[in-house]
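Two complexes are shown next, each including chain A; its partner changes from chain B in the first to chain C in the second.
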Partner chain A sequence: MDSPKVPVTLITGYLGAGKTTLLNRILTERHGKKYAVIVNEFGEEGIDNELVVDADEEIFEMNNGCICCTVRGDLIRIISTLMKRADEFDGMIIETTGLADPAPVVQTFFVDEDVQSKVALDAVVTVVDAKHFLSAVDEEHELAEQVAFADIILLNKTDLVDADTLSHVKSKIHALNKFAKVIETVKSGAPLEDVMERHAFDLTRILEIEPGLLDEEDDHEHDEDIISISLTTDQPIEPEKFSQWIRGFIMERGVDVLRTKGILNLEGQENRYVFQGVHMVMDSAWGAPWAPGNRSSKLVFIGRNLDEGELNEAFQACTVAA
Partner chain B sequence: MSAQAMSNPDAGARRVSSSIGLSETKPIGVHPTFLVIEPTAGRAVAGFGDGAVKSLSLTLDGALVSSVASLSATPLAAATDVGGTGVLVGTDKGELCRIAGKDVDVISRVPDAWVEHVAVHHDAARRAFAARRTLTVIDASGAEVMRRDDHPSTLSGISFSPDGKWIAVAHYGGVSVWDTSGSGADPVRLEWHGSHTAIGWSPCGTFIVTAMQDREMHCWRWDDKKGMRMSGYPSKIRSLSWTADGRYVAASGADTVTSWDCSGNGPSGKPPLEFGYVYNGIVMHVAAHPSDKVVAGGYSDGTVMIGNIEQETAMIARPGGGAAIAGLAWSPDGRILVAADEQGALAVMRIKEALA
Partner chain C sequence: MDDILGLSRPKATGDAQRIKALAREYLRVPESATVMVSELHCHEDGCPDVETVIAVMGGGDERRTWKIDKPMADISPEDVWGCIK
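Showing the complex of A and B:
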């Protein structure tokens, strides 16, 4: 009876960055697809869709022992109800408020059974205003978090800044999140296929975690609050050692870790072991088989106050050789 | 909790009990949104995700369905109206409709909101519905008795006290209990951290129980407001139901139907009674029998079990192997159980022998 899950795209970004413009571009493009749209505030720009559900953002804490585990009660209710309607949706799009923390939204898709059984989070798309980003990012922590959580970043309004500013904005984004795909746009004009149906949270499809286009040698700005780190090893991983370490680390530091992703070459296994997490919530699965001779584990963290050297040492200690 | 094997995954256990006469309609691929009984009309009334409202005869043999109405909005919740005549339906256009026969009237409204919960107290002649944070209570004539929106989140359930003097609403962080006279008095707030997703006031008036997003239930004793937790569920609890005598509260959320003994000081320290283990199944809905210590459970694989709480025994009323059960309702005499599954099939289960 399992039908394919309806993909859900999360559009986030600061006030005036161009979220609704992107939303309307997606909705009005001639793709013949039917979307349900959930918004948490109506802006000045109208939304060009038959079904728009306007809901108050309701952040609910869970009593499951993990202090940062929150879900969005409004989304659980609305998604469960929308899935009972006879309309066959090709997808759902959620547009958050400018100040929204993406974590509870993403965690909802990991935690709630009703949501999980019917829909799947496709990608977090963050729209960034190139003109105001640099002045706002240090003041407004939500802005940095929205970038840190993103799978796709629309670097928008690039026509309003000079080349120098644009390059500063890009390196700042890169410092926060070097794994997201950055698309430079004017009036949120990104190709639809770069934004929709990205399967960014589909563990069975994750084959590689790509660092961004910029090189890694750029000196980390050490005053960065949020940074992104990637660790690799060619040595096979010993499952027990790794499991013990990652559980302990997430228990202790989960509040600071925004997103985690890993593709592991476990000792004696033919398939990739893939996992992802948001704060303390984790999800894992067996991925595609490894190609012969090319088995390398990779682990990615995006979060606050992370020590790359310390993490690397702990990760390397999980290999069979260690 | 411990699971007790009542049926096996093999085919033998998929047979309907000889005590049950089962008839059902074919699945239509549309999700039901409510299922209630309208006793005076001798029918079950079901709403669907495409706006259709259909009735199922309880008096004629088989499973005879006819169309009642086609709403322009999606029906979301319903309750039988005062005296067992008519059905009140909440919609996603903020309406509370009354369906009588085939006629549909909008009798109250909350703009720009979904009416997600409806409840009726027959003796006190009070009708209540919840939309967003707003609780509205109207009387039998349709006049508004109260409308309050000072709740911390969207309302997630409504339950009247057995005497109809109080109405309890569930929301994030606990329960608010209002008096239904329209006095304007402040509510009694029962607090417990977390998201409460369903509510039921015990028929003896002693306890208020909620189901929680956290896979547990919470129970307050009404006289001293003392709280208790009932936990250990493997899945979210979507449904709870009190036996008519107020002794047991049954819940979904496990691979058996679980019932907590609330006699004496309440459920604290007592493990739940269980019946009806279904391999790979989770109980989605429960409905207590209108008079006996008997509960019906509807499972994620479409199985319906009817079980005796105290004996911890169950019989299969509908075999599984299909879509999850989306609703259950008993006829007032307890002789007929009706179920709806997520693909829109409606099943009538007629009980041939006494259950208790």
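Showing the complex of A and C:
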């Protein structure tokens, strides 16, 4: 039997958002677990851990600068080396620089067989500074990407803003990423069980896409560069039609599509079909059987320059009723 | 159950390990260096439909990379030797 994979938590966030504070909270709470920590830079705040490795943010463009084929060479090297002493820790935490693009980091976990066989990306946790987010997000490309890639967002420093500002920040985050669970914090004080061991990339654990997410009024503005779009249908999906459409769409627009997630009711199948993607890297699995009655297919995209009406039309055209 | 939509990642077949071992042998890569082998299906203009990238990282040298325009499963020892010699 294969050994269980070492979980890796990725902490991103803009400069001064509270990433290292979160990291130190994780490391110092009494959970009985040891973590190997990979950081890009040693900031003013020290890191309270025995095993800290310095990464040098080496972007490795495997294919002429195409973002879909870009990984982090330093992480492949460091993870390979760390795994030779895997008995010394229970998990890894990567803290990126404030300016890091999360896409190459995330893709690193899906391109190399050795990395894939030994470690598993658990979740992308993005720390957002409530006070400075609104003034920075439209100017700083990386900040929007960090929010867009997140599974969990710590909306931090909420004590430094008034209720109105906080509401605006939440709306903006929601527009960029409706997937993510948002936790409001002061001094990055989130319960650890909300941040660690979330299995956000584990297809076998995806039963739902954020309950309630798809029922909300779609009230965000559509002039965002990055937006998130959720689509749903109660009609069974015709597998061949859907396969042809989604594969063609990702092939053509994979550079713009940051993350994709879907739970599908395929015609004639008793089990859910679950898939997810980061740019062009896709993966799928059969999930649990559908409960009687409710067999709603859901599809979510986060990306740039996406047209919700067009996507919905194409999605609805994949149903057996179309 | 089969992946009827064709969205699954290819399962590990041992080809990456086989190519890594060949690269290590031919290049005399030190233990301390990391060898990465990855099959790319890039759809950008100008890229081949499938290619395999071999990269050697660390071990005292800068990163070195080689590309073979074949899927990993079709790569022979001669292909590896031919591209890195």
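Basically, the second predicted complex is superposed on the first by the 308 of 322 C-alpha atoms of A that agree within 3 Å, B and C clash if a C-alpha of one lies under 4 Å from a C-alpha of the other, contacts with A are read in each partner's own complex, and residues count from 1 in each chain.
Quick note on the criterion: a contact is a pair of C-beta atoms (placed from the backbone, for glycine too) under 8 Å apart; a residue touches a chain by one contact, two chains touch by 3 or more.
Note that the structure is a prediction, hence the values are computed from the model and not measured.
A.B. asks: After aligning the two structures on chain A, examine chain B and chain C and state clash or fit.
C.D. replies: clash
A.B. asks: What is the contact status of A:Gly73 with respect to chain B (first) and chain C (second): first, second, both, or neither?
C.D. replies: both
A.B. asks: Of the two partners chain B and chain C, indicate the one touching more residues belonging to chain A.
C.D. replies: Comparing chain B with chain C, the partner touching more chain A residues is C.
A.B. asks: For A:Arg85, is the partner it touches chain B (first), chain C (second), both, or none of the two (neither)?
C.D. replies: A:Arg85 sits against chain B, while chain C stays out of touch.
A.B. asks: Taking the superposition as given, does A:Phe110 touch the first partner, chain B, the second, chain C, both, or neither?
C.D. replies: Only chain C is touched by A:Phe110; chain B is not.
A.B. asks: Taking the superposition as given, does A:Asn305 touch the first partner, chain B, the second, chain C, both, or neither?
C.D. replies: The answer is neither, since A:Asn305 touches no partner chain.
A.B. asks: Does chain B (first) or chain C (second) touch A:Asp54, or do both, or does neither?
C.D. replies: First partner only, chain B.
A.B. asks: Would you sort A:Ser296 into first (chain B), second (chain C), both or neither based on which partner it touches?
C.D. replies: neither
A.B. asks: Which of the two partners, first being chain B and second being chain C, lies in contact with A:Asn63: first, second, both, or neither?
C.D. replies: both
A.B. asks: Answer with first, second, both or neither: which of chain B and chain C does A:Ser171 touch in the superposed model?
C.D. replies: Touch partners of A:Ser171: none, neither chain B nor chain C.
A.B. asks: Shared contact residues on chain A for chain B and chain C?
C.D. replies: Common interface on chain A, chain B vs chain C: 58, 60, 62-64, 73, 76-77, 81, 112-114.
A.B. asks: Give every residue of chain A touching chain B within the complex, in rising order.
C.D. replies: That would be residues 1, 54, 56, 58, 60-64, 71, 73-74, 76-77, 81, 83-86, 112-114 of chain A.
A.B. asks: For the complex, which residues does chain B have touching chain A?
C.D. replies: Going by the criterion above, the answer is residues 30-33, 48-51, 74, 76, 92, 112, 114, 116, 132, 153-154, 156, 172, 193-195, 212-214, 216, 235-236, 238, 322-323, 343.
A.B. asks: Write out the stretch or stretches of chain A touching chain C in their complex.
C.D. replies: 58, 60, 62-64, 66, 68-69, 73, 76-77, 80-81, 110-114, 116-117, 239, 242-243, 246-247, 251-252, 254-255, 266, 271, 273, 275, 277, 280-286
A.B. asks: Which stretch or stretches of chain C touch chain A in the complex?
C.D. replies: Per the touch definition, chain C meets chain A at residues 1, 3-9, 12, 16-17, 20, 34, 36-38, 40-44, 46-47, 51, 53, 55, 57-58, 63, 65.
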